[in-house]
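In what comes next, chain A is part of two complexes: it sits with chain B in the first one and with chain C in the second one.
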Partner chain A sequence: MSLYLAVLAAGIAVDAWLLAYALLRIRRTLAKLTLVALLLSFVVMSAAFLGREYAGLGAEWAPVALWTFVLSHPLAALFILVAVHGEALLRRYPAVLLILAPAPVLAAFAPPAGYDLARAYGTAPLNWYLVLCLALPLGEAVAAWSRSVARRSELFLLLAGALVLVLTGPVYGFELEATGLAEAAGSNPGTPLAAILFAAALTLANPAPMRRVPRGAAWDPHFPPGRLLLVDEARPKASAHYFAAAVAGGRPGLKLVRGSAAPVAGHGSLAVAALAPVRWPGSVVLATASEFLARHPAGIVFLRDLAYLVTLAGLPAARDALQALRRAAAGTAGTVVASLALLTPEERRDLLAIPGAASVRLPEPAAEMRAILEARFGAGAVHLLQSFAAREHRRLEDLTYEDVPAVETFLGTAMAVLARAPGDEPMVLGWRKALDHASLDLDRFVRRTLPEAAAGPWASEVRRAGGEELVVRASDYWHGKELDEMLHFAANQMNRVRYGDRVRGAFVQVLGRTGEHLFEAEVRRLGKTPADLGPEDVRRLAASAEAIVRSLEAAIDVASGRADLEARAHRLRAMLSGMTEEAGRAV
Partner chain B sequence: MDRWREEAVRLGILAAIAVVLVAGFWVHREFYQFGFYLLLVVGGSLTFLVMVVARYAASGRLSRRGARGALTFPLEEGERLLQRRATLAVLPVGTSTPPVGTVVAARFETGAEFGRYRLADAYRKMLGDLDAEEVRRAGFRTLDEMRHAWQARGPWLPEAVVLVARLEPLPGGAG
Partner chain C sequence: MPFDSTYVDGLDIVLVGGLPRASVVLVAGAPGTMKSSLAYAILHGNARRGRKGLYVSLEQSRESLLDHTRGLEMDPDGTAGNLSVLDLSALRARMEEARGPAWLDLFKMYTQTLKASFPYEFLVIDSLNALEILAKFERHRREVFDLFKWLRGLDATCLVISELPPDPEGGDYRSAADHREDYLSDGIVHLKLAKRGDFGVQRQLRVVKMRGRNHNTDYHALVFDGGFKVTRILS
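Now for the complex of A and B:
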């Protein structure tokens, strides 16, 4: 029996190590608690058995060995049920805790001589209870494993663990009893193997790290409670805007984004979790969402990068994960929002057909802003918007709802420039009116709730359908002069001011104070002021700066100094040519 | 010599599994008093299952060396990967990739395999949203250069969604 003794002792060590590991590493609260309780019962059960059989512990330890052995069965059942059905199991079906109830009842009504540990699986009604506790999770694990696509591997590990407990519990106990090896009966050498499988399942489906957020509002005007909402949009901007608005209103929100596994910060009632490139992304997403919704049943889970899940796990697994999330949100005040951005039309159609999922189509904010401005200022408005984007070192398509206040300020400045341009008083008045209308439209666009935005009408679609005839355009105030030309003029004026600053910045950044003097001298040589500089001047400045640097290089004897100057010249040239290229694209 | 040693280890493991299986069948036949036919069916199925798993494991597909899928590249893109000038591959969105973390065989369009890489990450982006770092990692100096190279696949549409695969060459697996 010394080999068996060693196996049991090693099993205790493994179980204890896994217990500590689960406490430290596993982030699923309820599943962790049940696993820790199960491992604790394994450790006490095996230690009490070893002590009784081989270390001469007294008869008073017999009930400890027996009842921890009995308790390990409902705990195993509870753990597997929680691991399979998620953290919401106890909230939805608290009756599942009744699985623990028969243990004290059986203890209270035990036969006068007590139950014999070695014959626990052969004594009714105790054995009925033990077999039920093993059969129930085994059946659940088999059913879930056969149904699920997103969590197949994780559920397989849980199923394998349940199977190991059955094989090394009643089956092995029966064989020991039948072969007369009664000494080992009542122990379970398979506990470490089952524990390893359980811990592996929880580790590989460990939720992404996220900060704890305070409890907050249970409602917001944008997202329906208890639903899975699929947002059909080109880029995840509109969904992110409404999610941010809901979170700013105090509703707890979890944003799941693509990123490294490192914890991602958040603020207020916002938690951000990053989905790293993992083998089981479906399990990780579901575990993360499930953990957050267990803490905040009225919270919102926002899957910004659903396309990443589709790429990593495949479309069937992503669909399965969304269906599981829909079930998790159903009947609660929580909402799951997923953006369909970056998915192909076929993938969108497939996901939009998920039964019970709500869907909305939301506009692209950059296109809306452009359409709103075009409705008021005509086709030339795009120059102003492009000028604004270039000033912010961004592209037109990167503009979002959050840029609207800055766009309004920029428009105000541009209009001030236009007001100084040659023209008569009615024209200036017209500009001001058009600006007021455009600002009002932009404000109205930003302030719309998600259902209002989804219902439309969208400025971009109204214009496409030829609805602009209804709009009073600024050109109506302009006496026969071309409006687009004026807007182009305003945008260029704004860009010119910017060019002077940017070119000076490049010179100073690369050449220090010398760069500033060089810049001033070269601008004077061109017969202009920094505010008058345009893209065509930048090209000439770059050429003359290069010539000066070359002459400086020739004057330096030290090779390292020459190399340094050459590198600086190269950098300056790259920066200035970047500016001229950018100007070429913007025009 | 290494190949023979590897083969000997594989055969040794298979032989050990066979011995354990026979011992297990003998014990359980004695214990449960199985009949010949039942032993034939149960034992045969179990042996078959174990051998299939062992064969799968021996093929290297469970390890990091065995390729789980293949990615096909045009000649220029393959060359960039081969010369270690690129670690990112920008592919059409419909490209099927094996799970992240597994090994892929990289092939030229002609079918010749030129290396094995670990698929470290795979995500989607719009062509126009690729940043300077991604362009550099894809083996291009500028976006214009990439745009020019892309013409071989089709027109450069900034709104077109592409699959970006991060590939890590395996030691001795590429080139």
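Now for the complex of A and C:
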């Protein structure tokens, strides 16, 4: 018996260590609590058994050993069911808690009924209950494992743990009784192995770290409650915009984005979780979203980078994870929003076919802004928008809802430039009216709710449906002036200011305040002001900057000092040549 | 307070130990009193002993300065690269249009850049008058105060050469200087040419001011004989 004694003692140590580990490391609240309760019952059960059999504990410990032995079975069932079905299990099926009910009754009436720890698996109806407690989760685990694609590995570990408990519990107990070694029955030597498998399953599918957010508002006008909403869009801009609006309104929101595992960011009622390239991404996404929805049943989970999940886990696993998320959100006020951006048309079709999922198609804000401006200013408006994007060091297609106020300000400035250009009063008045209309359209576009945006019509589609582009549009003319040409002029004027500022910035960045003086001197040498600098002047300034830094180097006779200035010259050259290339494109 | 030796024979005795480290000392004198040579000699003496020094010339070109100092047996080759001459006079043509604050900023950029790559412990500015003209000091006292404050931040012992008008009578410092920088600097070394008899002229040196030192305030003879020497004046 000494080997059996050692196995049980080692088991207690392993169970106790895993208990501490689960408390500290596992982030799924309900699964963690049930696992901790299960491990605690394992520890007490094994310790009481060892104490009674080998350390001479009195008969008063017999009910403790029997009670914890019995209790460990429904706790194991509860843990496995929670781990398999997620945090939504108790909300959706609270009756599952009834599995715990017979345990105290049976334990309390055990001695009068003649129940004995050594023959627990052999005495009816106690043994029916114990076997049921293990058979039920085992069956659930087998069923879930056979169905799931996203969580196959995680469920396999849970299934294996349940199987171990059955083999080293009832099966082993019956064998001991059959071989006449009944005194060894009443314990389960397989608990540490099962506990290791359970802890491994929870660890590998541990939710991504996320900050705790306030409970917040329970409703917003954008997203339907209790649904999985698939957003069909070119880039995840519109979905992000409406998600941000919902969170700004106080609704608790979790944004799942691609990234490293480390950051736990967010603000207000927004939590951000990063999906790292882990082994089981489907399990992690599901666990993270389920945990958030369990904490905030009225919350909203936004999968911005669903395409990343598809890349990591494959389309079938991503689809399976979305289906599980739909089930997790069902019956709550919560919403799961997934952006289909960057997926192929086939992948979109496949995911949009998920039963029970709602879907909307949302416009691309950059295309809409362009279409709105073109409708008011003609084809030349794109030059202004390009000029704005370049000024912000971004691409035209990167513009989004948040840029609209800045675009409106930019247009206002451009119009002011145009107003200074030669022209008559009615023409300037016409531009101002066009600008007012365009601003109104842009505001209207931004203020649309999600259902309104989904319903359309979109400016880009209206324009496309308008048929063939006219060679000459009436709106392109105003009192004999072609508006395109004037917008070109305005964009160039705006760029000139930009070039002056940027070249000055490069000089100052490299040479400090001296750079500013040198820049001013060089611009004076060109006979211009910084505001007059055009693309062609950037090249000339780049050439003279080279000569300036050379002459600065000549003043120094220390090699290290010259090297330092040489490095600065290199930086200045690189910055100015970047601008020169840009200027070349602009010209 | 730590001191930096000048390695000029007799001068450390007059200064009671040397120049206070990281101080700003004016070397003032009329043309021909060997202000530049004396300042260069202090740099050269320290550079030969491994301490780095930077000589900023705003008027004289590097070639001219080095020719001059070689003639005084202070060969820069003997300093193992510890003495550098920053020739800002070469930039005057290019920067002519950028007069004003640009020059002060340029000077600061150079000295700061070199401090990082060539960590000098001594700095000579030749001369303050040239810098004032180039940088177009308007509120003179305020701007010199800011400059000296900035120089102290360099953590280098600074010798700032200040031109005084020629004084045929060889009067003392009070009569020659306009007292604009007196209160701002940590020390003042005055050089003058004093008449000796009907035909002779003697270079003389006097430590007018040196903060925190009970230095000798008498005029001393500044003699060059294969190297500078500061001796008592024999009547």
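Everything that follows uses one rule, which is that the second predicted complex is superposed on the first by the 559 of 587 C-alpha atoms of A that agree within 3 Å, B and C clash if a C-alpha of one lies under 4 Å from a C-alpha of the other, contacts with A are read in each partner's own complex, and residues count from 1 in each chain.
As a working rule, a contact is a pair of C-beta atoms (placed from the backbone, for glycine too) under 8 Å apart; a residue touches a chain by one contact, two chains touch by 3 or more.
As the structure is a prediction and not an experimental result, all values here were calculated from the model.
In the model built by aligning both structures on chain A, chain B fits alongside chain C without clashing. After the chain A superposition, the centres of chain B and chain C are separated by 90° when viewed from the C-alpha centre of chain A, nearest 10. By the touch criterion stated above, A:Leu204 is placed in contact with neither chain B nor chain C.
Contacts of A:Val131 after superposition on the shared chain: neither chain B nor chain C is touched.
Touch criterion met: A:Gly561 reaches chain C, while chain B stays clear of it. Once the two complexes are overlaid on the shared chain, A:Leu518 sits against chain C while remaining clear of chain B.
In the superposition on chain A, no contact is made by A:Ala9 with either chain B or chain C. No C-alpha atom of chain B lies closer than 29 Å to any C-alpha atom of chain C in the overlay.
For chain A in complex with chain C, the residues that touch the partner chain are 511-514, 517-518, 520-521, 524-525, 548, 551-552, 554-558, 560-561, 563-565.
Contact residues of chain C toward chain A in the complex are 62, 81, 84-88, 90-91, 94-95, 97-98, 100-102, 105-106, 108-110, 113-114, 116-118. Contact residues of chain A toward chain B in the complex are 175, 178-179, 234-235, 258, 277-279, 281, 305, 307-308, 311-312, 342, 344, 395, 397.
For chain B in complex with chain A, the residues that touch the partner chain are 31, 93-94, 97, 99-101, 120-126, 128, 158-159, 161, 163, 166.
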